[in-house]
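Input: structures, listed below.
In the two complexes below, chain A is the common chain; its partner is chain B in one and chain C in the other.
For the complex of A and B:
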């Protein structure tokens, strides 16, 4: 595995150089919070940020994305035809993405890239993107990445992993794409051969800083129907206000809705993020809603992330432990607490209780 | 105020044990600093989990909508005013409720505190007058009055307006508060400036609807933004749709909003949408001398016609 040493004095000039070949995105502070923004006009990514308020999933999977457009103007040759909307799939790079958010794309890919179906918008955007990760030295107290098959220096999904070594970055090249990006930045000084151990040591130190752990070992073996019928869902869902904060801030939530919007003689067909917390998400044309109460909806979210996904893909939970939903939930519904209840379900003997 | 929790538990335990209520709605200890979780207790053991501190900002009246049980509910000033509004609007019956009143001195604003601290806050403790936030390598104390939620710092109804039990003697109400300086500042803007201000204010909105859903007034079975036949508002991120949601929601709250601050508190991206509802609150005060939720016996101004209603707008 090749490791490049990037002197910090060469960092900004290199990024500016890479910007000729890539559209760059990175964490930028606006008002109170950091978010991933296009780095235009020499704006530098703020790598001191603990993590962005919302996940960077919107870079690949925008909240609102036009797929087709059409015109009813009969003077046009292509009137009444759906046309592919113009898109920019030129190379782009996300600088300073956290390992948790990068791994999240791998989980989302399971949904958007299957043998039967490929979502062309997500895939083309994903394939055009190079992910330059930054090892996480200050995990937040609500982060539980190491319990979610991830970690502060986890490499899955990344093209380059950066480790902040004081006056320089150690850039571990993980893919061809990553190598290409570093070449575009003009960074080519090979690091000393002990650099790999340095990164491993930093990784260990960072992992020790994780204070939050979530048990998931029983989830797969628990019977679906028993968990579904557990009495604790009333307790879990009582406080929920059914907003979309958890799902919209989540890097692994992938659900969307398709809408047509018309204006005069033209219109678009677009996909928009949707949320299983919203009643409309499952409303049938008949007016019947199979998830008619908030208990149904809250249960669905946790069952999907911590049970159905686990059963379907055998890849662990549909969560990377970034902690955003824990920090942002307006009423403090905490997935860590729910995971403990679900995972400990059999042990509690609740399955035998008669309601 | 720190003794409130014990008193709340005692009252809740008694109400549940005697069968006076089927459940008590309050708060339980949160899992992260400066957060508590709305909680319902159905027996004295669960009542023992009830807590009270300066992080109980969510308006619990929101949890009463259309419930059928007999309910004990912990209510600070604003919650009690929204309970009154709920009763007036037939969302719950007075006879169903035992209101456990909490004289309030304001809730602290977790964002304000986070912005004043140099790193992630891992623990917060409080005394009667101070909160102390600690994190990796820092510990900072603040006078509570300096870090209150903005709406709490302007509140003149800290004591519950209705209650069946009271956890402590009433607190002194704030006097001489200029409640609408921010609204006047927006009113003074030129239309172009104001439009720019609204654009900037709403630009981070992701339409998660936390503001709407945390609001006790927003109980419509289907909100206008969720209607699909016909569909009134686009579902995407088009700024005109985002604005339509916020502006219309605010108007739906006219004459009903108590400025409890749950909307702003719930927003994951820090939008102060209270500037909209406060403008309407101010208009109701100026035009009708009305403040929402103060009495069970007076119909709200937008419910009734009075010959004395201002009609200067008719030219």
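For the complex of A and C:
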């Protein structure tokens, strides 16, 4: 795999050059926190950011996205008919995305790109996006990526992996898309032959810094209905206030709602992020709610991530170990602890199996 | 890439009130672009999203049969925002239909078998589709005996009353219509709840007999033990579920029961399959 050396003095000028062909996004600090923002007017990505407070999923999958517009004006030929809204799928590049957030797109793709149906909004946005990842030198304390099928220098889902080597970046070209982006930035100095080992050594050092883990080895073989009926859900969900912070901050959560918004005689049909934490998410028109209690809803979240997803796709858990839900939960519900309970579950003698 | 969120534009051709409480109406739709009818090719048991422009979409079982051409029919209960608005719409109004969605009753597996249809209340829509489909001259020979057990609160709450009467007069289908109670002296059919009528009228269980159940949760809850008692194996009990839905294509995440989506992997499941999933419906 080709590795390019990017001298840091050439980094900003290269990005400015690439901006002619790409819409660039990167971590920018606003008040206390970093978030992914469009890099316009020469704004540079802040690559010293450990990770953004929210994942960059909104770049591909906006929190609210117009799908169609319509007119209710009956003098118009096409009144009451949905019209495709105008979209911009010109090339874009996300600079400084962390490997966990990039891998998350691969998992989310399983939901939006199926043999039967393809979500054109997600897919076209994803295909138009080049992901320039940055390896994590110093992971956060709540990160558990290495046991969640990912890692601080994980390459899956990335087009380029950057490693910060002091006065220069080593840019490992992972896809054709990635090569194109580097060419657009004008970076073409081949790195020394040993660069690959340098990155591997950096990866090993970073991986050793990850100190928390989730056990997942038993999840697939555990009987679904037994796990569903486990008594620990009462304990897990007790403090939950169903605020939805975990789902909104999660890079792998994909649930959405569809709503019509009308103003006067015209309006739009849009997709909006939704959350399994909310009672209305599943409530029937009759008022009956199959997930009527917070126990049902908390259980759905963890069963989906750690059991249903595992069984459905055989691609590991629906979590990349970014640690956002652990850090942001207002009542300290911790997916790592739930994974321990679920993975260690034994249908009989359950009480002994829980730590 | 075809956009699975884009509805086919349709015109309301006809609206009929089905029940005495006027809460159920049947809507007959005609596709604005005739070619869309081909694309909407469906099987009995499937559903679609009715798209009321400016209000939203609702998932509703298809009440017409694939053997009926030139239109599609849906019977809608007035419940929430979209269905209430739809009830106030008029013939000639333009809206949309997205689908067909989900799986269907296992017609291939049921060929050469007896079929018992058990329905209650307004969950009779895809069952009506199924009966019309099976009674079609080309299809009737594919099935052995057909029994229909259908109940409602009162005679005026039965859907498709004229068709029910016509089916009663046929000799190639065994109708067992029932109401919970009635003061109508002219009522000549059964009185009693669906589970009790099922116990009396359902044909004996066997490898050659499938039961299709669709109805309110309370009916299902009490009918299932009756079928167990009659010896129906769980892989021959076919059920159609409902859950809140938005996308209808297995993506928006709300209608799942375990790893199965009611909208895409269902709505039709065997009881054997449902025994393996959480009862979140």
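Methods note: the second predicted complex is superposed on the first by the 341 of 355 C-alpha atoms of A that agree within 3 Å, B and C clash if a C-alpha of one lies under 4 Å from a C-alpha of the other, contacts with A are read in each partner's own complex, and residues count from 1 in each chain.
Basically, a residue touches a chain if its C-beta (ideal position, glycine included) is under 8 Å from a C-beta of that chain, and two chains touch if they have at least 3 such contacts.
Keep in mind that what you see is a predicted model, and the values were worked out from it rather than measured.
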{"item": "Chain C versus chain B on the shared chain A, clash or fit after superposition", "value": "fit"}
{"item": "Angle at chain A between chain B and chain C, C-alpha centres, nearest 10 degrees", "value": "90"}
{"item": "Chain B versus chain C as contact partner of A:241, first or second or both or neither", "value": "first"}
{"item": "Contacts of A:118 with chain B and chain C, given as first, second, both or neither", "value": "second"}
{"item": "First, second, both or neither for A:288, with chain B first and chain C second", "value": "second"}
{"item": "Touching partner for A:311 - first (chain B), second (chain C), both, neither", "value": "second"}
{"item": "Contacts of A:257 with chain B and chain C, given as first, second, both or neither", "value": "both"}
{"item": "Contact breadth on chain A, by residue count: chain C or chain B", "value": "C"}
{"item": "Contacts of A:298 with chain B and chain C, given as first, second, both or neither", "value": "neither"}
{"item": "Touching partner for A:134 - first (chain B), second (chain C), both, neither", "value": "neither"}
{"item": "Touching partner for A:6 - first (chain B), second (chain C), both, neither", "value": "neither"}
{"item": "Minimum C-alpha separation between chain B and chain C after superposing on chain A, in Å", "value": "5"}
{"item": "Overlapping contact positions on chain A, where the chain C interface meets the chain B interface", "value": "257, 259, 283"}
{"item": "Sites on chain B touched by chain A in the complex", "value": "30-32, 35-40, 58, 62-63, 111, 115, 119-120, 122, 136, 204, 206-210, 212-214, 222, 226, 228, 234-238, 262, 265-270"}
{"item": "Of all residues in chain C, those that touch chain A in their complex", "value": "1-7, 9, 32, 51, 53-58, 77, 79-80, 83, 93-96, 217, 242-244, 246-247, 249-259, 264, 276-281"}
{"item": "Footprint of chain C on chain A - complex, ascending", "value": "67-68, 70, 72, 79-82, 84, 111-112, 114, 116-120, 123-124, 224-225, 228, 254-260, 262, 267, 269, 271, 274, 276, 281-286, 288, 290-291, 296, 300, 303-304, 307-309, 311-312"}
{"item": "Interface residues, chain A side, partner chain B - complex", "value": "30-33, 50, 53-54, 63-64, 138, 140-142, 238-239, 241-245, 248-249, 257, 259, 261, 270, 272, 275, 278-280, 283, 326-328, 330-334, 336-337"}
